[in-house]
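Each of the next two complexes has chain A plus one other chain: chain B in the first, chain C in the second.
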Partner chain A sequence: MNIAETLLNLWNTSGFAKIFAEFLTGGWQNLVMILIGCVLLYLAIVKKFEPLLLCGIAFGCILTNLPGAGLYNQELWTNFMTEGHEAYHSYGTILKEGGLLDFFYIGVKTSIYPCLIFMGVGAMTDFGPLLSNPKSLLLGAAAQLGVFAAFLGAVALGFTGPQAASIGIIGGADGPTAIFLTSQLAPELLGAIAVAAYSYMALIPMIQPPFMKLLTTPEMRKVKMEQTRTVSKAEKIVFPIVVTIFVALLLPDTAPLIGCLMLGNLFKETGVTDRLSDTAQNALMNIVTVLLSTSVGATMVGSNFLTGQTLKIVVLGVAAFILSTCGGLVAGVVMYKLTKGKVNPLIGSAGVSAVPMAARVANKEGQKANPSNYLLMHAMGPNVAGVIGSAIAAGFLLSVFGG
Partner chain B sequence: MFFNTLSDTIGFGEAGITAALGYAVVFFGLILLMFVVVLVGKSFTASAKKPAPVTEAPKETPAPATAPGSAGQLKLHNVEPKTAAMLMAIVANKMNKPINELRFISIKEVTE
Partner chain C sequence: MDIFTNFNPAGFVECLPRMGIGMLVIFVVIGLIILTTMLINWFFSK
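Entry: the complex of A and B
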């Protein structure tokens, strides 16, 4: 055995050699992406920015940019999406030639992960506040303003229709919905959109309050809301069934998301499927979160991510969040006027669906104006309405651009 | 309006119409859903309000067991009954005790 030759072979097959050999043709991008992955890990671990998801996304980003590891192969997915290519829509090719993260990513591409996450979200969500105050649905609808405004902005900045639709959905403040739509319409933007969506969701306590103060008066923020009626168990059981049938008939493209959300909720409410509810909320949710976050992180390949498009997405994403917040607040102010001061307009900001963060922010701002004000349950209504609203918005965009 | 390929470019005017239509669809869907929820809620409330069928009470039924203790005579100072009830329920829940085994003397709002 020639020791020197073996060592040389080892060096030549190492990622270090690849980085140096291909430094100018892409190696530097790998290094920058590994650095970005480390920054995201810092934000997740130290700053607690959506750590359950951002941790996996950041680590997936690092893994996918390790030269020579072959965990994720961008070119396989490009071929998968290229009409006329022999590997077009061929999962067989992916399974034969792909790496570990390619296998994980199949769950994103087939929309399995976002739907299963929605099932867990449904199992954790109490729709009682929405049922006791159905007008909350209007606030949830108004808070989708940012989705369509950002869509327009993205078109103005030169994105294609499907890409603009995927960027717009960041304004829905709903990670699984954003991943669901983007994986269908603009998979090349998935990494940037997922990171933007989850980062801004973590920043909601910083993004929303200035606009809450801007669009409401201290008098409005002080309003104490009446306690709403008690919702019966039977009503809570019927609700997911009715919503699934109604929304899926209205917009069939929303059926996977709404169906899973409501199935999870039905498990929670029936009282006879506690084990399934528990699994959906905990074990299943955790497993899918691991797979989803790492595979989304894997799409953050340097050549795809380090472009001007990513910067535009970051800007459009924050604009979408702000406009959605403003849409909900304006609707809240209208309700305040129409009800002669019975509705605290702050709950409108919870119409962006980041559950329950947005509702907590509304509650906190309400308490700043009036320490004896408890808006949390009132804000949960628009909050969960926002989940349904963003799913409907995604369904609409998918039906328009999905082909 | 419907685009067939994933590489479709779209004009700003067309995008404006799509955005307006999309926002309208979200409102339309959620307003319809609101009416459905209201109808379902009303039907449940109505059925709950219906008087229970009159059944002859069994004779000489033993009196129900009295609860050991009660919440007691409660004095409220600047506190609404609803808020007081909520506080009592929270305390009972935190202590893992039935509310009628606790004795509340008074509840007072502390202002700075």
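Entry: the complex of A and C
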């Protein structure tokens, strides 16, 4: 074999040759997706849009669109989901024929990653504000309005029920919940939904304030809320146990998410499992974030992502966020009226989950209206209630469409 | 482009009850959590 032949063989097996040879039949899509991956990296690194997640998602997107690398094989997962195919639900086939990102993706498919992330979130969450003011849970429930409104919008735009449910959950403003539900109901939309969910979560400081001003009066925004009572350690220990039992018995489909959230919280509150709490909050959370983000990015295959559907998801996602914010704010206004001005309705906007960003935005807007106003702890109640609320919404949608 | 096709207003109307049921389920479950929390508060204040 001469040098020219060797070089020719090398060129023919390269990804460049594949891109040029298949340019019109899909190669251009790979190039566009690599470009999108670079834009997402820019947003993560320079603009600091959810960098911990978006960095991995963007890099996963680039890796999966490198022809010939074989890191992620869309057709394996299509066969995995095709009833009657010999590889139907066969993880053995994935392990035998898949690439590195296929192996990572098993954790998404089996819902292990979102649940472990929830465990970490639980270990970082203080339910104290919610326990001292249980009524704030209602704001977390009202802020799920966008989930169902976007679900309806998606159905009207021609999505199937399971796809519409997955799009609607973007309104829960909870990345792991969106990934958990989408990987089970509409895995073909996972990349678009995850990117939309995390991008909008990063944009909360820009999306929410106009609607906060629109739905509340300056008088309402000035309200200073009373100091919440101190919650005992025993209450904080009993709460995750009791809630897990109640919610999992009522809606068994929520058990993985709520169970992990509350287990993480129990680790934090017991006082005898500090090492486990520390691991759940830091090491485990970081490792799972790496695996989750890169494998979600890997699903952004050009042929799947560059469709009109993605554009619809982007529009429906922002509508879901806005409507969820409005749902929480309207419930806040109702509480303001019922309590004769004791509740600042701005804390309702924190019911969209997105911990702690949404609570910080409520606090900031409150301080703009009244510089001596400190709403952060009051907003943390609806904020963590939003996490529970979106998990319940996901469980409901899973029980309806999960078959 | 499929953005303007597949428009399904009938599906929207059909799924409206599901939206109502979904929100109701969330409020019922959250309501039960509130009751449970109040019970915990009451029990530990004793």
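As a working rule, the second predicted complex is superposed on the first by the 402 of 403 C-alpha atoms of A that agree within 3 Å, B and C clash if a C-alpha of one lies under 4 Å from a C-alpha of the other, contacts with A are read in each partner's own complex, and residues count from 1 in each chain.
Simple rule for what comes next: a contact is a pair of C-beta atoms (placed from the backbone, for glycine too) under 8 Å apart; a residue touches a chain by one contact, two chains touch by 3 or more.
Model, not experiment: these values are computed from the prediction.
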item: Partner chain in contact with A:Leu157 - chain B first, chain C second, else both or neither; value: second
item: Contacts of A:Leu185 with chain B and chain C, given as first, second, both or neither; value: first
item: Contacts of A:Leu138 with chain B and chain C, given as first, second, both or neither; value: both
item: A:Ala234 touches, of chain B and chain C: first, second, both or neither?; value: both
item: Which of chain B and chain C A:Val334 touches, first, second, both or neither; value: neither
item: First (chain B), second (chain C), both or neither touched by A:Ile34; value: neither
item: Partner chain in contact with A:Leu397 - chain B first, chain C second, else both or neither; value: both
item: Contacts of A:Phe246 with chain B and chain C, given as first, second, both or neither; value: both
item: Partner chain(s) touched by A:Val314 [first = chain B, second = chain C, both, neither]; value: neither
item: Residues on chain A lying within both footprints (that of chain B and that of chain C); value: 130-131, 134-135, 137-138, 140-141, 144-145, 147-149, 151-152, 155-156, 161, 164, 232, 234-235, 238-239, 242-243, 246-247, 250-251, 385, 388-389, 392-393, 396-397, 400
item: Interfacial residue positions of chain C with respect to chain A in the complex; value: 1-3, 5-9, 11-12, 14-16, 18-19, 22-23, 25-27, 29-30, 32-34, 36-38, 40-41, 44
item: Residues of chain B defined as touching chain A within the complex; value: 1-12, 15-16, 18-23, 25-27, 29-34, 36-38, 40-41, 44-45, 48, 82, 109
item: Touching residues (chain side chain A, partner chain C) in the complex; value: 130-131, 134-135, 137-138, 140-141, 144-145, 147-149, 151-153, 155-158, 161, 164, 232, 234-235, 238-239, 242-243, 246-247, 250-251, 307-309, 311-312, 385, 388-389, 392-393, 396-397, 400
item: Residues of chain A that touch chain B when the two form their complex; value: 81, 130-131, 134-135, 137-138, 140-142, 144-145, 147-149, 151-152, 155-156, 160-162, 164, 185-186, 227, 229, 231-232, 234-235, 238-239, 242-243, 246-247, 250-251, 372, 385, 388-389, 392-393, 396-397, 399-401, 403
